[in-house]
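Shared chain: chain A. Partners: chain B in the first complex, chain C in the second.
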Partner chain A sequence: MAERTFRVWRGDAEGGEFKDYAVELDRGMVVLDALHLIQAQHAGDLAVRWNCKAGKCGSCSMEINGRPRLSCMTRINEFGSDELITVRPIKTFPVLKDLVTDVSWNYDQNKRIKPFKPKKKDADGNYRMMQRDVERVQEFRKCIECYLCQNVCHVLRDQDRKDAFVGPRFMIRVASLEMHPLDVEDRVPETRDELGSGMCNITRCCTDVCPEHIQITDNGIIPMKERVVDRYYDPLLWLLRKITGSGKKKASIDSES
Partner chain B sequence: MAQEIGGHSTSFASTGRVDRWWVEPLVTGAGFLCFVLYTTWAMFQASHYWSEAYLSPLYSPLFYIDQTAQGAAPLAHAWFGEWPRWWPAWLPPSPAIFILAGPLAFRMTCYYYRKFYYRSYFATPPACAVTSYPQKKYKGESALFLFQNIHRYTLYIAIGYIVILSYDAVMSFFKNGDIMHGEFGIGVGSLVLCVNVVLLSGYTFGCHAFRHLVGGRGDCFSCSAGKEHLGHKAWKQVSLLNARHMSWAWVSMIWVGFTDFYVRMVSMGVFTDYNTWD
Partner chain C sequence: MSVSELQTIEHDVLVVGAGGAGIRAAIEAASQGLSTGLLSKSLLGKAHTVMAEGGVAAALGNVDSRDNWKIHFRDTMRGGKFLNQWRMAQLHAQQAPDRVRELEEWGAVFDRTEDGLINQRNFGGHRYPRLAHVGDRTGLEIIRTLQDFCIHKGIDTHMECTALDLLLDSDGKVAGLLAYWRETGRFVLFRAKAVVFSTGGGGKAWRVTSNSWEYTGDGLGMAYRAGAEMIDMEFTQFHPTGMVWPPSVRGILVTEGVRGDGGILLNNKNERFMFDYIPERFAPETADTEEEAQRWLGGDRDARRPPELLTRDVVARAITREVKEGRGSPNGGVFLDIASRRPADFIRRKLPSMYHQFKELAEIDITEEPMEVGPTLHYFMGGIRVDDDSQQTCVPGLFASGECAGGMHGANRLGGNSLSDLLVFGKLSGDGAIEYANTLDSLPDVDEDRVQELMRAATAPLNREEGTNPYLIQEKLQQIMQSCVGIVRNAEDLQKGLDELEELKEETKTVKVHASAQYNPGWNVALDLPNLIITAEAVTRAALVREESRGAHTRTDFEGERDEWLQYNVILSPGEGGRLEARKEERKDPPEDLEAIANATLEELEAENDG
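Moving on to the complex of A and B:
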């Protein structure tokens, strides 16, 4: 057992302050355990959103010593023995109470994305796709919607351009649909014009903080930016489309070869 | 420092991070600046870019050659002959002036370089969860930086340079750089030039735009026949290189500078090139 001090931000949308709490810790504890001890021993009204305690529900996102992290996956022994552990709510979304923020803006962004639209079934009435064709989008399906990537994206966090960019989580949502081998919907125009792919400047913080280690930038955002380049900024491909008359967007490698 | 709701500050470079977050942008920013300063200096030297059979990658291809310059290549290596008379007197007659914009444009629009220089030079943001330089209406790459979309064209140019530098590397195995009649041999410089091509190839062919073009732009790798397509194989290989794109970018950049430095030192007689000809 060892005593550690935690500095936790307490307050609501009107204001608040940091308060220090000393708690006795056991080995192997994570920051969320410490917050539960604080709730039990010092501040029964401390608001913390959590659910699975296994890094899979994405509920307990917060900023621990300034780094956006899941509190249930942040072990206390990662920090120096005399290091003060400061816990804040995530910055990008409005505080409801203490460490709980209102992330509903994200749900609204999801609604803006055109849903999955499958192609026609094969002659025998089935859909077929090979594992190698869906591996790319399966990576994106690992997303637990913790919104740490949304929180750390400086376009949303510091520049306050929620009006112009949906954020990295929804760029990979678009990518997961757009790259799906059975999907025939065209989302490239809205990716540029409405969802704001051009707002992202590839500083990769979203990838750095992703607890599921999704390569958000390399495998999601950059490929979508390249598809926008295909459509709008590549005169050679534009000419090729004019000559061949292939205006359709869903060009599989097979059909192009 | 103004505290806001949640205990966060909105002041520039404010953060709750307690680690040395400023080290990475400082080191990468300073490292790239050193390279830019060195290449600019080397470009304006207009001399000592050739030795025996070695041509500095900062000067290749040689469009024109001023034979009066010290350490200049033989005229036979010029694409268009003698140095042009219309060249302004205030500008050094350096072949590097014609060609450095190509590789520079490739690197400056590269997705990795964008990450580091937006962080190091533009502070948008300086590091993750560190407050960005405030802008009245941030537009990212949708306005002034829209030009970043030319990256795939700079890729085509960069591939051309790989071909040219590969020829230079082969040339370095023949005395006086004469592939047709020169004696075959090998020197330390030959190895330096070969490593340069390998590193530049690892960087260029691991580029995100190349990854997209060889296969990533399709939605399906095998839809019609159910067989793995060549594009998928290529995409997987490029993806392996792409996963280490940052390392390739730095190592290849440093080696280009070193290759020029080596050729320059040999040409000036400072270094002795150990080879099979002497």
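Moving on to the complex of A and C:
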């Protein structure tokens, strides 16, 4: 089959440059396959993370022709036959080497979120939850921690406010705990004060790139913002609902920040 | 560099491997207040466990109340062709339900039954719907639950840190290990009282495999070099359904859940060929007409299970035969059809990641067309030999659990029994390590000369002027194993494989990689090679010794199960002159109570639930 040129960023924290590699294509190849061929044939030390090669582990994130993607799920035949394919590391996190970045900041954010705290079990030792009640949590739990959403969120990417906002990945992590039918912890104050929910202005860029098609903004972040608004805007209402467990009001989002 | 300048990290218990087994072991050790370290080659949450799809097996009895641990135990023994270690199979079946419920307590959200309990699905070889699951991403749910739980337990996680070799003290007990940070290529010395290996298998020795780059048999190689034994290595599981097209995705797994949820296998004559391959042992429990199989799918509790859900060894051999005899699909597999069996929205809901996998990687819509599938090397039943209860190896202070340990699954593993194995034996290995560590007052001394020697050997490929490309050696190894130690084997091929492995060992001595150690995958491949070769050799030698066909091990020159061989496990150990030795070792007599359960009728075992 045809030969194709790949332009790959090579370098480390000190700096780097793009290098071109010619790759002999086989049917059905994805970008990660091409990088593996480059490793085997031209540049054994080309650094790239991967594990599953099937979109399940979230290791192989990079920017391919300007778009943040999983390289194991990006077919080469998506690109025009004379289109140059350019591959570079995700931008929001510091480069370690070539296509590998230091994503440890994300692991630190996870530790800041209060852990799951379950209510008591039923008398027979089981928990009972209805499928319809767990589905929204299951949506968030599909997250493979590829950090593509973190990479595109302008608060982290352009404003570099990692000090003020945990980013979309961890907003849905909080949401997955807060909406968990068994959880009894309260994470609303920290969502505003520490995790920085007010920094998000709902551009939905994160949702657009999520390979798991999680509705990060609409199903995760906005409901969390509403909870914050409810609590701090109208504490009486909050107390009332705590007692009666009803009367959810659609809150204005703007009033939070 | 002198050893005193080397970065040194000290722990009571050091767990190598952050998959399900390793994290579970670390949680156990840390919860007892021991200083615990957790090492992994990849980032946390990316281990193989994350890829598991179908589910975790546990006799919860939520969907069919006739189920209980004894039936799970019986299924496991029968699936393993009675070569499993009896006690391990017992512990596994008894403790799996608690381990699964515990995950729920830690935040896991399994799919639910109509009553709101954990839902369970059918899988090959399991008598009842037994696999707790979350769509087809069960492994992700399990590893994320463990990961999110463990970060609050005071465990020190050391990510992208690869263990190179164990260090023993002068008495021969574990003293720690030497490792390197992949990011910088710098060495780091870990001192510990006890070490747990949960490093997974060695599928990377084959060309067509569902396994990732991490599966290079590191735990097996390191344990072996330290004097530990391996067991049942001839039993390598070829999963019947890997993708076959396009070539670049060959081997990627198609979950058994597709068949569990109604998918059927067809040859190019549109025949449901599995009806022709029902082994005698399973005939009484398997449907023999399409009509009965259809009733089973419709929920008729009196109908028997369709033959597509026979154990993996049986299905993989059947597919191989169909293809060999010219009844295969265009790209050398067979057809797996769920499109004509279930409505599109059902498929998308129950098998979302299969739907996406085929859509995006093969441009096939599985709700409309059949998939093409064929066998792919998937799992090692064999592994490091451990004590049934403590998970300790014969090297004092070295423990093993998860896929890298052997004995639990015998000649063939049932689907779903790995995730449960990880949880049960991960915990037990943690317990074992704690108990052992508590008997030592101080950290054992490491042998500094040995450390120097290891560092010299590891850096040699970086310093050579010329030599062989490690990627090419790995490719050669994969060719050898694929052609000589495949799904059907014979003495001639196996011997040829061994000879070629010898040559490869020589070539490996001269590998050369790009000179910088900083995040250098070529160097990483070079350092993994010795482990991968030991693993490959262990499988080949064991396969040569076992002169019968049983479970996942098929010899064309010794067809059929031989009663005599039911008495033996094949054990591999370091022999004279550094040679890998394979020997048959007589099995202990089974405990009477367990033997009675394994041979009981289902009715007898089910009756216990009523009482």
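Note that the second predicted complex is superposed on the first by the 231 of 257 C-alpha atoms of A that agree within 3 Å, B and C clash if a C-alpha of one lies under 4 Å from a C-alpha of the other, contacts with A are read in each partner's own complex, and residues count from 1 in each chain.
Going forward, contacts are C-beta pairs under 8 Å (C-beta built on N, C-alpha and C of every residue); 3 or more make two chains touch, one makes a residue touch a chain.
As the structure is a computational prediction, the values presented were derived from the model and not from experiment.
Overlaying the two complexes via chain A leaves chain B and chain C side by side, clear of any clash. When both complexes are overlaid on chain A, the residue A:K111 reaches chain C alone and has no touch with chain B. When the shared chain is aligned, chain B and chain C each come close enough to touch A:H180. The superposition of the two structures on chain A yields an angle of 140 degrees at the Cα centre of chain A, opening toward chain B and chain C, reported in steps of 10. By the touch criterion defined above, A:H42 reaches neither chain B nor chain C. By the touch criterion defined above, A:K97 reaches chain C but does not reach chain B. Of the two partner chains placed around the shared chain by superposition, chain C is the only one that A:Y127 touches, whereas chain B remains out of contact. In the superposition on chain A, A:G28 makes contact with chain C only, not with chain B.
Following the chain A superposition, chain B and chain C show a smallest Cα-Cα distance of 9 angstrom.
Applying the stated touch rule to the two superposed structures, the overlap between the chain B and chain C interfaces on chain A comprises residues 128-130, 180, 183.
Against chain C, in their complex, chain A makes its touches with residues 12, 26-30, 33, 39-40, 43-59, 73, 75, 96-98, 100, 103-104, 107, 110-111, 115-116, 118, 121, 125-131, 134, 137-138, 141-145, 177, 180, 183. Here chain C touches chain A in the complex through residues 42-48, 50-51, 101, 104-107, 109, 111-112, 115-117, 119, 134-135, 137, 139-141, 144, 148-149, 151-152, 159, 183, 212-214, 245-249, 252-253, 353, 356-357, 360-362, 469-472, 475, 513-514, 516, 518-523, 525, going by the rule given at the top. Chain B contributes residues 5-8, 10, 15-19, 111, 114-115, 118-119, 124-125, 128-129, 131-132, 134-135, 137-142, 145-146, 149-152, 208-209, 212, 215-226, 228-232, 242-243 to its touches with chain A in the complex. By the touch criterion stated above, chain A contacts chain B in their complex at residues 9, 11, 13, 15-18, 63, 65-68, 83, 86, 88-91, 94-95, 101, 128-130, 132-133, 152, 154-155, 157-159, 161, 164-165, 178-181, 183, 196, 198-205, 208-209, 217-218, 222-223, 226-230, 232-234, 250-257.
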